[in-house]
Amino acid sequence: MKTVAVRNIVRADPALVERLGKAGVATVHEAQGRIGLAKSYLRPAWSPAAAAGNAVTVLAHPGDNWMLHVAVELCRRGDMLVVAVSSDNEDGMFGELLATSLSARGVVGLVIDAGCRDVAALRAMKFPVWSRAISAKGTVKASVGAVNVPVVVAGVSVTPGDVVVADDDGVVFVPRTTAAGVVAACDAREAKEAAVRERLARGELGLDVYTMRDSLARAGLVYLDSSDEG
Amino acid sequence: MKTVAVRNIVRADPALVERLGKAGVATVHEAQGRIGLAKSYLRPAWSPAAAAGNAVTVLAHPGDNWMLHVAVELCRRGDMLVVAVSSDNEDGMFGELLATSLSARGVVGLVIDAGCRDVAALRAMKFPVWSRAISAKGTVKASVGAVNVPVVVAGVSVTPGDVVVADDDGVVFVPRTTAAGVVAACDAREAKEAAVRERLARGELGLDVYTMRDSLARAGLVYLDSSDEG
Amino acid sequence: MKTVAVRNIVRADPALVERLGKAGVATVHEAQGRIGLAKSYLRPAWSPAAAAGNAVTVLAHPGDNWMLHVAVELCRRGDMLVVAVSSDNEDGMFGELLATSLSARGVVGLVIDAGCRDVAALRAMKFPVWSRAISAKGTVKASVGAVNVPVVVAGVSVTPGDVVVADDDGVVFVPRTTAAGVVAACDAREAKEAAVRERLARGELGLDVYTMRDSLARAGLVYLDSSDEG
Amino acid sequence: MKTVAVRNIVRADPALVERLGKAGVATVHEAQGRIGLAKSYLRPAWSPAAAAGNAVTVLAHPGDNWMLHVAVELCRRGDMLVVAVSSDNEDGMFGELLATSLSARGVVGLVIDAGCRDVAALRAMKFPVWSRAISAKGTVKASVGAVNVPVVVAGVSVTPGDVVVADDDGVVFVPRTTAAGVVAACDAREAKEAAVRERLARGELGLDVYTMRDSLARAGLVYLDSSDEG
Amino acid sequence: MKTVAVRNIVRADPALVERLGKAGVATVHEAQGRIGLAKSYLRPAWSPAAAAGNAVTVLAHPGDNWMLHVAVELCRRGDMLVVAVSSDNEDGMFGELLATSLSARGVVGLVIDAGCRDVAALRAMKFPVWSRAISAKGTVKASVGAVNVPVVVAGVSVTPGDVVVADDDGVVFVPRTTAAGVVAACDAREAKEAAVRERLARGELGLDVYTMRDSLARAGLVYLDSSDEG
Amino acid sequence: MKTVAVRNIVRADPALVERLGKAGVATVHEAQGRIGLAKSYLRPAWSPAAAAGNAVTVLAHPGDNWMLHVAVELCRRGDMLVVAVSSDNEDGMFGELLATSLSARGVVGLVIDAGCRDVAALRAMKFPVWSRAISAKGTVKASVGAVNVPVVVAGVSVTPGDVVVADDDGVVFVPRTTAAGVVAACDAREAKEAAVRERLARGELGLDVYTMRDSLARAGLVYLDSSDEG
């Protein structure tokens, strides 16, 4: 592993970040072609919670949160810290003090493929965290990892500066280079969904709204009455 | 797998459904002889939540929610949709649009042995969902399954028209044919528990209320003082 | 297994228990040298929740809650019940009736390496429970275990009379014999953290507050600019 | 739960059982329309292993193997014992002594949704077992369950007398009433697969053997050269 | 955590260790009253495997195997190394080189509540290992833990010098102070089981050998014929 | 997701692939700086097994193995097929027929972040497979994914043409562009390990071979005699 901390990463346009955050995880995931979604074990430490920001990435070692301190200095207003660990670990690498420090720098949230602690304080501070566990287990500061290198977080490959969108549905990552296109796709999807929602709310059936009846019949679906089943 | 959708299933008497819902999961499970309880991994997507209804069952395929759209049409006021999947899968098969559609038809909740998404919207709509995961992962509409066939959901065999009772303790299923008997057993149990609760609240011991002391001694329990332990 | 129930265990000084409860799980865990923390799968059945008490321990068998009834009688005001099971099991060994009984005796909470049920009632009663699962699964009263013997709960060895501290971060155990020293260490830690928190809140970096820059460089950390990365 | 032991269940024709065993789990699962497969956590306690028989079913309680002794008497030559538990449990309910007893009665194997022990002895005896865990954890004989009632085992609903087929790929169940049809489907499938296997072994591509190229193109698959990717 | 390495621990009599190893995990577990069994996730890295020895204990940190090197020096002929980790971790803390070193000192096996690697070499060397995972993940040597202090391994509290018995059924620990009694109980159990085995092999039923019929009837078991079930 | 199949990927030098395969997973993982290791849940379907090849990557959908057929055509002699799935899934996407087809093209093995089946046949054919599960669950051919795009497999980001090394310790990936450097590092590591192994085999201690005593003392390790512990 290259033990480096990379400064001056390129970030996404704040307007795009804001728009993706507003769309939310489910819409963004669909709009970018059903990719980039973190595994479902990343859950909000408290909820309801929602945030979006530019990813400052960390690669830490199990039981060791040294690199998080290095990363704080490289964060800017509007960033989210995104922490990967070199092997599966649930230790509480992040708590109230680091949240205080990140808040002071304008960081809007944390995604960590490990544990966090001080949940009551995080809720009180309204600092949102998505983690794989709540754990008070303390960590050492002994092994150097990396900041702002590409990492894999909860099954997704993340590049520094990518957009992170997180809410009660989980976490999705959007490559910086495709963020504008995903915003456009979100616009289209929301418009379409609004129309569908209205029809469904009136009692129309998805079978008709999406014209599925013929394809279902061709695919072999047969309707029976209960009495046919014998 | 028979790719069928069965209409006109027989449902339980609404008065029985309502009574079972009022009793709640723990009482119903006990009252029917400690059977029918779904595994504990089915959790409410938001809470507190409670619902009871007649089961309209779905057998879907992993990553494919086509059959849910078929099922909507076969639901009536007071039903609950119960979704099994042909292999373990956490994809977000259900979200705000399907909830809108089900609500429009008077369906009172969803039990799904897979994932759901749009949790914030579901909470806002007060549409209760019990699922094995929260996941925004999108699904396809490509493979035909079945509606209103017997399924196994979270370890329980469910027949269409069975009564589903769900609350913050989980999910329990009551066969339609035995629902009346279970209601009677719930009545008996609640009466008995009320009396016990009152005695315990006054400080009486379960050892005495349930007259356990003799059987414990016969089973070999010995009382020691701490100093005896060395 | 010795099928005994031990009376008259030695408890920790109530003032120490109260002070440890106030410090909370994360601080206590750090203050006693990062030991004694239960695995992260023990979660509050409802939250926010916090409690501290003297451990009355139970060793039960899977699917059998008989020993909990024995334990109630041996609890005093200010105790917490701590339940281990002889093999992994999620059955709902504890619910509203036992909580009523414990509350009547002044017991302040339950830690159980199994399941609990009646979550809505527990929340309404404000009786806090930390468990590995929510499950309505009923249990039998057939096999004798033990009360107030040393047990292993969620990976921690617990002696009767040890101090239990539990909150939204999890559960930590402090041996009775070292509780006074841990209280002193909590005092020191809280004082130190208050000073650090203030500096971090003003925008100072942990790198400087903890003077990490030299040791990071010695450990091999290299700073690059994004453009160096090619 | 009805605490009954049912005698004189109807079994499948031994010739059908033998034929299904020869086809193996994967072929039988496909031949009956991709249903009836136990979850993948059921694994052979030693391998290679294979067996097929008529299901004698048991519903036991966690940590309690009393019902297995009741079931032995109701087994006949050519049966397989199929054990469900009323909640998730890995205790070692089955070992060398029960295997000795079953072998003496001509039972050909065990499927248990719990643990087994004495693995070295089972291998030496060539008595095949499919279980969810290897565990030496001892069990009590305290609570009555049932023998030869319908059960759910590893996610599959099983009726006494159904055919069990198990090998290194896992376990599949075939309803007695449809066994003959499944045998016919196995014959057809094996014939077809033999022809395909020969073509593939010669280097023909599945794309051509199954004529998939057009449907792939229609479904949107595009071929690129690596240099197109940029 | 006390960062100590304790020399000159008291070990069990080698004759007792040998006898317990011969009895095997299942018998020892039963003979000592069904306690001391490690959770079932500890599995042999290769099998068939069996070993018994005196426990030299290690408390290591996640991703850090420094303490194993310290422990080697404190091992004697006939010992088994028993490694606990301060939080859940699967990294490959142990491989061929450490096995070479332990073998050179006469150590007979390893039990590790973490991962091991070089499985092919371990099998070739016939050095038996019980671990929670096979993982090649490398570890650092940065944080001091402890050697020969009491630890919790896979749910069991272990004191240095306790007897470890491990085979294909898992791992069980016997306190040094009770080893002689457990040996006596093993003798009794094996004698009794031999007699039972012979009767069962002849086709006698456990129902009769253990005279269970009356207690089953009293407990409510009812025999039906299949036709009664209708 | 881009539904593409990329032809003509650049592969690593076969001599490098062969050398890395010879070094094995643990050595390669260490030699490239402890990165690139797949999570430990990927296990050989039969063992002992070992293989190394150039990665042809597949991105499939849960329960759908259509893309594997597309990938076969794009494989060459010496390749390994590497299959990622768009969400967690254990279905048996791969079996004897696909193995026959891959063998006919000179493909040396499969790594699949899903299930495989026909284990007995795979062992007989000596076709090695690393998978997350053994499952006979059949799959459909309905949704288009991609071949030879970058994927994340068991937590590692893999680019087509990367080197895959797999054995009984698991699976590691080496980027094509750094393979030569990793080979050099393997040479160095093996030479150094051979010297260490010889010293350890003679009974020298790692404490001395690696000169750890001073750093351990500085880090706070204290030696005690058992009697000091009191």
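Letters A, B, C, D, E and F mark the chains in the order given here, with residues in each chain numbered from 1 onward.
Basically, a residue touches a chain if its C-beta (ideal position, glycine included) is under 8 Å from a C-beta of that chain, and two chains touch if they have at least 3 such contacts.
Remember, predicted model here, so these are calculated numbers, not experimental data.
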Chains contacting each of subunit C and subunit D, listed by label: B, E
Neighbouring chains common to subunit B and subunit F, by label: A, D
Chain hops separating subunit F from subunit C, counting only touching neighbours: 2
Equivalent interface to C-D, taken from B-F, A-B or B-C so that over half of the residue contact pairs match: B-F
Pair with more cross-chain C-beta pairs in contact, given B-C and B-D: B-C
Mean-CA-position distance for subunit F and subunit A (Å): 28
Inter-centroid spacing, subunit E versus subunit B (mean Cα positions, whole Å): 39
Residues of subunit C touching at least two other chains: 34, 86, 88, 90, 135, 137, 143
Interchain contacts (touch definition) - all pairs: A-B, A-C, A-E, A-F, B-C, B-D, B-F, C-D, C-E, D-E, D-F, E-F
For the subunit F and subunit E complex, residues of the former touching the latter: 24-26, 29-30, 34, 37, 40, 43, 48, 50, 167-170, 172, 193, 196-197, 200-203, 205-207, 210, 212, 216, 219-229
Complex contact set, residues of subunit B against subunit D: 1-2, 33-35, 39, 86, 88, 150, 152, 155-157
List of subunit E residues in touch with subunit F within their complex: 3-10, 66, 69-70, 72-73, 90, 92, 95-98, 100-101, 103-105, 115, 117-120, 123, 133-138, 141, 143-144, 148, 160
In the complex, subunit B residues that touch subunit F: 61-64, 86-91, 135, 137, 140, 142-143
